[in-house]
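Next come two complexes, and both contain chain A; in the first it sits with chain B, in the second with chain C.
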Partner chain A sequence: MRAVSDSLRGDLLFGALAFTLLAAVDLGLGSPGLLDFTIRFATFALLALSLNLLIGVTGLVSFGHAAYFAMGAYAFGLLMQTGAWSIPAALVAALAASALFALVVGALCVRLTEIYFAFLTLAFQMLLHSVILAWIPLTGGDQGLMGGIPKPAFLGIDLARQDHLALFSAFCLIASTVILRQVVRSPFGAALRMLRDNPDRAAFLGLSVFRYRLGAFVIAGTFAGLAGVLMSLYVSGAFPSFAFWTTSGEAIFMIMLGGITVFLGPIVGAALFILLNDRITALTDHHGLYMGAILLVLVLGLRKGLLDFVVEAWRERKERRS
Partner chain B sequence: MAQQRNTGLSRRRLLGAAGAAALASPNIAFGQSRQPIRIGVPTILSGRVAQLGISSRNAMQMEVDRFNAAGGLDGRMIELIVRDSRGTPAEAARLAREMISSDGCEFILDCEPSSGGFAVHEVVRETGTLTLHVNSETSSLTADPRQRFWNAFRVARQGIHDSIAGGAYAASVVRARNLRRWMTISPDYAYGRDTTAEFLEYLRHFVPDVQVVGETWPRLFQPDYTENITRLSQGRPQAIYSCLWAGDLVTFMEQASIFGLLANTQFFGVNLADYTTLQQIRNLPRGAHSGNRYLRNFPDVPGNRDFAAEYNRRFNTFPTNWSWQAATAIRLLTTALREVGGTSPRAVAEKLRGMTIESPFGTDGRVTMRAEDQTLVGYAIGWGTTISTDPFVENIQPADWNTIFRLEAEWKRAKGWL
Partner chain C sequence: MTGGRLELIGLRKAFGGVVATDNVTLTFAAGTLSAIIGPNGAGKTTLFHLVTGKLAPSAGRVLLDGEDITGLDRQTIVRKGIGRAFQVANLFPSFTVAESLAAAIMTHEGRTARLFSAFPPRDIARRAEEVMELCGLSPLARRPAKHLSHGDQKLLDVAMALALDPKVLLLDEPTAGMGPEERWRMIERVYRLWQAKGLTLVFIEHDMDIVFRIAESVRVLRYGAVLAEGTPEEVRRNPAVIEAYLGAEHALEAAP
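The block that comes next holds the complex of A and B.
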């Protein structure tokens, strides 16, 4: 108990420091480009971090994580467009919608593993994508949720301003990172790791594999929903591509870039992905060729994410010294 | 001693710096006035619809080069910053923001299709950047008053105009040939369904007793149309309408020719007459009806032919519908910039509203940026019949813009937008 509270205190302190640093840099430099980067970084880092709770911690490779991202974005956008909801209320409702959707899909998917799990999650994602395309009166079909998303100020926070939105996004990312780290370090997280490494043994010890996996699935889906809310605030809309398999693919790419085994790996991966994407788009029309080549180098050369590589090298060096 | 020497040097340096600054200041001022006018262009440059971005960029570059060669805006040249969104609306929105905030773009020429166009629309609604939508044909972008704001304009044809023009032309063919049994084949997404519904609505407006005996909706980018062609053959229609476009239309036309579908049926393809489509169909059937997308012989004026010839000389291909729209956007913007004598977005927007310019793409040599909904009108719309060799489409009948205006107003009223 004492260890947990120490760890929470440490995480909170680290989170407060990270937020202060980000806020100081963002507000100090005041560059619109940097504010944009912060919003997108927070969004994608949250998506990748939540997916890694399934991939890295629980050992379930989901190809359909973008479904909850889209669910969050559409639920939030639709509620805000009614004009009857405040941002905090719509945000909580959007997270509840994502969690509920994840609960339903998860209940059907988590009994399976490996390729069967991956493809079933992908199938549900594409189902949601098709529903978004077909339900034109509600979702706007392939043209997306149009007409803008109203952003009424709350508690002195005006998300129509880029600087406020950047700080809000950074806060959401850091708060979520602290919560997810606590989840990973809790007995629940330890059970998830045990399920990843040896599900049969965990079952013999009396753990309900289904319930633990479903719990992880719902938590991951909820935080992906929060990422979707941030994205809908950023683009002032929601689009079917949010629920397309390429969005899930990008999240997996970020995790591979940053590292699966280190908790902060997906966050580093998201930052690298965005920086690479922006530089490559600015320099060439052959985006796919360059991003593909980088992935190839990583997979064939490092055989792990960047942070995995750095942490392992650091540990080896430490062991050699001792 | 040392202190004195330092002071002396410092004074000398100060004087030198002041002198240099005095000499340089006119140059600084001169340099500032020569800052390029940056225009951001989010578009698609890769994948199956790369031609959209490439042909828009080519046409823009031609017009920008002409503007810059003529001295620009009091020496300020236009610089285009064109980037690939890969067809992702979120990336289009990001690019637009990046162009405005990081690259210092004063204007956005949005060359995205409708989905990305709406994403860019929301960004510029917030940033207040003067924006011309170049490739979005979805009528609601400018027709719906909720979508309208002072800094967004459309320089593109739009679905409702094409549907009225198509309906009126098809009705004349229906009366002449007594074509009552119709079927449709259009792509299964919002554009396909909306455009087909609007075409049929106006066809029935002119000829109420037309029967639609079947519809088939292939997926976007579907490689094989056998199933759809079978469905069409079974329905034995006298006429078929389609708003398939580009590669999908090419594939369908070729497969339909193999099955002999078009031998005894009149085909109406609103998107057939674009060179990228016409030149790719190996056996273009004679007598298919098509709306003009871009044709160098319609309007048949020297300006249009010169535009196509110069485009062909520079890029070794012919312009597309997106090209004339992109060229028109640059011509409108540069005319407004010259008339305002600066780049103030409010002043340029005010100048654009209601502006008429000479244009080889206009139905009477001019096009107008209609003030009430900030959208382009008066551009050339016509329908004709195909032949297998250049100029590919003949007997083109221009649409009557007075009819288009009248029925468009009725359509808006029915939607509650007027």
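The block that comes next holds the complex of A and C.
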């Protein structure tokens, strides 16, 4: 048990440091642009990181991860609009809704692999998208949840203030990162990696492929739901585009940009994606074209994400020296 | 764990009209070292599939220490104590040698459902070390499986089967695809493992030098049926075996 607390303590320390640093920079500079970036970064980094638990760790490429993101956003937004819920309670309920939705969809999807899995997850996401568009009395249809989301202060945290929301988002991202890293390093995480590497041998050793894949699916969906909650706080609403396939696509893009094999890769990818996207959108209307070109260069040129590339080069150098 | 007694009684497997295993009755006594030989397509690997539960037999029974294990699923059979290494090493490519063994032990014992401890648990890491020591894999402990040589990958495959403390260990061509030198190193390790653990070991092998050097008894299969069985000497004198399989090179003069 000591080995556990050692690595976990290291992560907690690192997380606390990262949070302090982010908070100091955000509050020190206090620029609205930076706060805005922090919120969007935390939201999408969390979405990409949770998706990579499926893609990078478990070897399941989901094209429908945004469904749980949208589920979290809508559940949270709807609960807050009733006026009867506090933010922490609505947050927990929204996570539960995302987890439950992931449990149901996952139970139907994880028996399949590869392209069949990818397309079935995509199908369920588009189903949710259609439901959101069609159920106008509840969701507002293509107008989204209108009228804003009330954000009553709790524990001295007022999420209506941009700086509070930025720190809250950063905290959610860092806490989730520490938790997910522990999951990856646990015996459960080792089982997921076994399933990625060689599901047949894992089953031969007595691992239930179905249960462990479903476990990964639910955990990933829950954290995507948290990203959705942050998103609905950010835009003070929820929109059908959250559940559209392009949102899942962007998360996959971020993972490919940052790196699939390195745990922090998706976080780096999310930062790069947002920075690139902002810069390119400011310069041209055809930003899809440029983002696509960058992805092509990465996929064909490096054949891996940026952090994969850096870590591998560093490892090789170390090996040559020794 | 000491060896177990493996009995196959009237085992038969047909795929449509093709009979891959034809009324095979064989006994492998506890703690023995036996080879299974035979031409390609003789049904050697199929026989292993039937014993390990990968395939269900069309007829016949498999007994381990007298207990009927016919038709049980693969995991249950592994738990009963029949281990198996594969013809083509079947590994977790990104896991290091130490992690692979720890993962095998941990999964076998059903200890994977833990989120808040570290992998590998200490006691399991220690047992993985013992297995590495026994198999001579300790120097490679921290190397990922995908970066091992072909021979070491097969050795790791054997080690992963061994890590589950089997009573009976089935090795499907443990030296396939190896150079002559690597072959002997491998077989020497296997031989020493057998001596150290006292388990019942059955291996499929094409290299007759190896078979006749180390096996206590040899079973010859042809067209899915048992053609002959006995000590290496007896098998090498058997005219039917010489004609069907061995040829002149490995034959001892037929008994008068």
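In this section, the second predicted complex is superposed on the first by the 322 of 322 C-alpha atoms of A that agree within 3 Å, B and C clash if a C-alpha of one lies under 4 Å from a C-alpha of the other, contacts with A are read in each partner's own complex, and residues count from 1 in each chain.
The working rule: contacts are C-beta pairs under 8 Å (C-beta built on N, C-alpha and C of every residue); 3 or more make two chains touch, one makes a residue touch a chain.
Here the structure is a predicted model, which means the values were calculated and not measured.
*Asks:* Here chain A is shared; do chain B and chain C fit on it together or clash?
*Replies:* Here the two partners, once superposed via chain A, fit next to each other without clashing.
*Asks:* So in the superposed three-chain picture, is A:S86 touching just chain B, just chain C, both, or none of them (first/second/both/neither)?
*Replies:* Neither partner.
*Asks:* Can A:S236 be said to touch chain B (first), chain C (second), both, or neither?
*Replies:* first
*Asks:* Regarding the shared-chain residue A:G144, is it in contact with chain B (first), chain C (second), both, or neither?
*Replies:* In the superposition, A:G144 touches chain B alone.
*Asks:* Counting touched residues of chain A, say whether chain B or chain C comes out ahead.
*Replies:* Counting residues of chain A touched by each partner, the higher count goes to B.
*Asks:* So, A:R201: does it touch chain B (first), chain C (second), both, or neither?
*Replies:* Only chain C; A:R201 stays clear of chain B.
*Asks:* Can A:D285 be said to touch chain B (first), chain C (second), both, or neither?
*Replies:* In the superposition, A:D285 contacts chain B only.
*Asks:* Can A:T113 be said to touch chain B (first), chain C (second), both, or neither?
*Replies:* neither
*Asks:* Could you tell me how near the closest CA atoms of chain B and chain C get once both structures are overlaid on the shared chain, in Å?
*Replies:* 35
*Asks:* Across the complex, what residues on chain C touch chain A?
*Replies:* Chain C reaches chain A through residues 74-75, 78-79, 90-95, 99, 102-104, 106-108, 110-122, 164.
*Asks:* Mind pulling up the chain B residues that touch chain A in the complex?
*Replies:* Contacts found on chain B: 45-46, 83-84, 86, 88-91, 93-95, 97-98, 100-102, 114-115, 118-119, 121-123, 125-126, 138, 140, 146-147, 189-191.
*Asks:* Which residues of chain A touch chain B in their complex?
*Replies:* 31-33, 35-36, 40, 133, 136, 140-144, 146-149, 160, 162, 231, 234-237, 239, 241-242, 246, 278, 281-282, 285-288
*Asks:* Could you list, by residue number, the parts of chain A that touch chain C in their complex?
*Replies:* Touching chain C: residues 1, 3-4, 7-8, 182-183, 185-191, 193-194, 196-198, 200-207, 212 of chain A.
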